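In what comes next, subunit A is part of two complexes: it sits with subunit B in the first one and with subunit C in the second one.
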Partner chain A sequence: MSVKRRLGGDPEIILAERRYEVISEILRAALVKGAKKWTMTDMLDKVFLHKVLGIPVFIVLMWATFQFTFVVSAPFMSIIEVVIGWIGGLFEAIPNEVLRSFFVDGIFGGLGFVMVFVAPIFFMFFALSILEDSGYLARAAFVMDRLMFKLGLHGRSFIPMLLGFGCNLPAIMATRSIEGEKDRLITILVNPLMSCSARLPVYVLVAGAFWGSTMYAGTAIWGMYLLGIVLAILMALLFRRTILKGEPAPFIMELPLYKVPTFHGSVIHMWERGVVFLKKAGTYLLAGAIILWFLSSFPWGAEQSYTYMLGHVLEPVFRPLGFDWRLSASLIFAFMAKEIVVEALGVIYAMAGETAIGAALAASITPVSGLAFMAFVLIYVPCLATIGVIKQETGSWKWVGVTVLYELILAYIVGLMIVGVGSAMGFS
Partner chain B sequence: MVFSKSLGKAVAVYSGLVGLLYVFFGFVELLDGFGLAMGSLLNISEAVFIPGDPFAGAMLIITGAVYLAGVDSLSVGNREGLSFLAVGVLLSTVLFGLYLAIMGSNFLGYVLGFEDWVGWAWTDDVRPGLWLWFSVIPGILVALKKDWRE
Partner chain C sequence: MKVVYTVALIGNPNVGKSVIFNNLVPGARQHVGNWPGKTVEKKEGRFHHKGVEFKLVDLPGCYSLTARAVDELIARDFIVEEKPDVVVDIVDASNIERNLYLTLLLLELEAKVVVALNMYDIAEEKGYKIDVKKLSEQLGVPVVPTVATRRQGMEELKDVILRVAEEAPRKPRIDYGKEIEEAIASLSEIIHRDEALAGMYPVRWLAIKLLEGDEGALEKIKGSECENELRAAIS
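Entry: the complex of A and B
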């Protein structure tokens, strides 16, 4: 007979209930009761954990976070752009054409272009740190758990999914805390759908190209994060109903007290997370910029380069989504790291002589295709490092294959839906 | 000081008014954003700086709904209704802070003379989420008063 049947319920819940009974008994014996104090935490939790208002309130706070990330960081991006442009300009004097192109187009056009996005990444981490330090993010997990449990999913999955907003790598490793094998597998499979910070530069570039520094650009970025959450829930539900059938285990978590976040603390948290991007820039992204420059310059110049050929081979596949050869080629390079999409576009457009990449992008595709491109980058194949950690955590190439395959198909379907609906609404 | 029924009723009226203001201007902003030009029809959009933005409008509506959700319990003197006022005030303040930060960063872009900010005027960034916040100031004082939580 199983433990569950012998105890007449889930052992985890029974243990938790018993633990709180013991705590109550001790408190009854040791405490002299006065009037019950209604704390600020009780007060705020009544709304933040409200069964109807909890999720809309979460949506407002996330929307504000992404408006802050995009709109407020915009002039800081321009400052970085000016500084990088000035340094890059110093290399224009190099007499050797290939060497000059390497520095100006490859290093400053590619890696330098990605560095502009340091500003929104740091702004996003600052806003998320405030939410986390205040104790609200734990409530967000709790509120989402209720929704997820209703859908037959495991609530504990939401914490690794929230971590996925930063980076999918530690998020997938955090699934080790999930006991049920199927619950854990589902969480691993859907985690790459959570929008990690590496996707942010792509969103900022595309949204900025089409909607400038208006509020709509921030909303489009927020929409991508929301789309990731919704797709993760839907895919988890699909896996639960098909290849990973079973009941989700109950989710028990203790919520921290609310506190006023300090500026100092939030800045430290922002730095700890943001510095990962800077380290990546000095390694992966630098290597990516060099490879991209080589592929975009050889064998016979920009118009007959390897990237040009690769982009034209892939273009027919992506034509229904409205992506041209440049966007198609950039998607291939992003397999190394998602930021490389931006780096690739920087190099490809620079090689083609179009320095204002945002404007060139807006001229080459429609806003609807721009939105589809953002969604495609969100959903399609995880980066190389994430694939490695999925293999490590599942111990099988089969699940890596499942992840890559379903994400590619899903990305294409969602892209087609965006283009279809957008065109039907007359936005093309 | 006890949170009495009469005080509850007064706070309920205030909370209801603020909630209605947020919901109303949220709808105007939302409909304007969809091109339905409700604000222009009422000749208020330009007068009170309401840009068409459906998402920002939706956020105001949610904020207003939080205020309104507490009216029932406040009107019978239940102090737990203050929770809705407190979170409503918090959301209003988050939106106010956000719009203020946007105005500040756009001012920086303008001062530095960047291309995207040429022709920027401070009035471009005034929106209901900014000026409605001033109606919330009494609510901050009420919601944060420690006496109610003793």
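Entry: the complex of A and C
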């Protein structure tokens, strides 16, 4: 009989087991695991990982993040707006009317208007970088995973979910670290509900228009991120109970030590992520501005343009939510990238000679509809790039279809609920 | 001719290996290149201690030494082929259980191992009391506690490296239990029949790897007069 067969079993496994036995024997003689000293990490974990307090603490820190983002970025937004407005003003001198409109209304009214939102995007990434570099974000993921696990969901999905705050693309790719195929699929399907940074300009615009001078603007933005998380969990539960039944795998997570984040490190992180938006501005959003300007100027001027017609065709669909034709049209274009909502509104208002877009927006819809609009933008259809990555990672158009369909329906229902509850409470 | 001892640094990822490397060799005297034919970075440098010159080679961080991962194979081949005079195994004292696995693999390789028990402060914070002398006795190799980030234990480490470089190999043997030892013994016996093969590689290590069905080990016995016999034994 061969030497190997006499051992009975895979020698590689038997040897590995023996090595660990030997290590235990050695350590039994050489190591005493005494009473653990009380470290800073233990102390902080007592609070941040607390069974009851953990989630409220996470929610409060998130609120602080978005309050910070909104308040701190406001003056910077004004500065960028003034600078872009000044440069745009130089193009007013172009004699050719069409060419002038292209630059003033299309490029500066559309693309220039989105660029104002560089400020909140960078400040949000700065705040998130501080939370991440300090080691807190891993705890937030742990706390949320514990909740998800108790609900019967996979307990290691929340890191990809948190990545979704930046961009859903890398977030969906990060689901590759999830072992179970069904668990992974669920995480992919609900990931677009995590509010990515492309949606932030829409929130900042709408919340700023209605509640700009109060604490409520930051709170409304925070509410959207929270809504995204809650809906993601609810949808995950729905998928788990219906089309993707199964048992979740147990979860173990290695948590990093807490560190004092450095200003330098957080700035670098902010830049690495924020620069993605700048690249997008030079490609997608530039193309978007050109297309939007064309559709909003032709065939017969702003009041009889393709955008105007499209908006009016769609308006009845969105009438129950209180969106006007401009918002309805912007939603159609924004399937390319969600910032395009803001860009489209910029172009449409610029064509009408309107520069104070926030004020104009506040005059044309109710605050409740504004909130419903924010929620709608959060939920309805993933952007083009996200659709591509969902196809790539699930390997089938079927799951893309499922995602688009459920998100559209969910967006409409949530929008109706916001309007319904808002009206019932006496807001109109 | 002046003697230059070769010292290899090895350890699991995130145990402070590069901090120790930087402590031993100042940045300006480090040489960074690639391992031949690989995209894996190779860092080298020289230092002196008590008038003796040492060449320090940083091996890739790894948890084990299989033939399956490029990093692990590079580290293992370096130890087997180049036979460094000392292998410094950096162990994270606060994760000692997992880290000692690599130490045992190095002992199998019959390398002249020095264990640097790094992050000793964090282990103490965790409440670990490590009996360094006992650990050294059990493993059969010198153990030096270090806190690389504070440069603690570096002089002691250099002293021990020098001592081990100059002394004869100790070849401590870890007992893996009767059944496995018997299997290793019968394979070793066959390997010893090919003197050239037995001279080239540590016999006990080759026997263990063959038993595990390691691709790299099967490659090494190719063409040996006892290849067929060995293959039959592990079939």
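Structure notes:
Here is the rule we go by: the second predicted complex is superposed on the first by the 391 of 428 C-alpha atoms of A that agree within 3 Å, B and C clash if a C-alpha of one lies under 4 Å from a C-alpha of the other, contacts with A are read in each partner's own complex, and residues count from 1 in each chain.
The rule is simple: a contact is a pair of C-beta atoms (placed from the backbone, for glycine too) under 8 Å apart; a residue touches a chain by one contact, two chains touch by 3 or more.
Everything numeric here is computed off the predicted structure, so don't read it as measured data.
In the superposition on chain A, contact of A:G89 is made with neither subunit B nor subunit C.
Once the two complexes are overlaid on the shared chain, A:F48 sits against subunit B while remaining clear of subunit C.
Legend: residue contacts after superposition of the two complexes on their common chain; A:I26 is shown touching subunit C, with no touch to subunit B.
In the superposition on chain A, contact is made by A:R6 with subunit C only, not with subunit B. Of the two partner chains, neither subunit B nor subunit C is touched by A:G282.
In the superposition on chain A, A:R18 makes contact with subunit C only, while subunit B stays out of contact range. Using the contact criterion defined above for the overlaid structures, shared-chain residue A:T39 touches subunit B and also reaches subunit C. In the superposition on chain A, A:A74 contacts subunit B only, with no contact to subunit C.
Judged by the touch definition given at the top, the superposed model places A:W63 against subunit B, while subunit C stays out of reach.
In the superposition on chain A, the residues of subunit A contacting both subunit B and subunit C are 35, 37, 39. If you check the complex, the residues on subunit B that touch subunit A are 51, 53, 55-56, 59, 62-63, 65-66, 69, 79-80, 82-84, 86-87, 90-91, 94-95, 98, 101-102, 104-106, 108-109, 112, 114, 116-117, 148-150. On the side of subunit C, the complex with subunit A involves touching residues 96-97, 100-101, 104-105, 124-132, 134-135, 138-139, 174-177, 179-180, 182-183, 186-187, 208, 211-213, 232-235.
Taken together, the subunit A residues at the contact with subunit C in this complex read 2-7, 11-12, 14-15, 18-27, 29-37, 39.
Touching subunit B in their complex are the following residues of subunit A: 35, 37-40, 43-44, 46-48, 50, 52-53, 56-57, 59-61, 63-64, 67-68, 71-76, 78-79, 212-213, 215-216, 219, 222.
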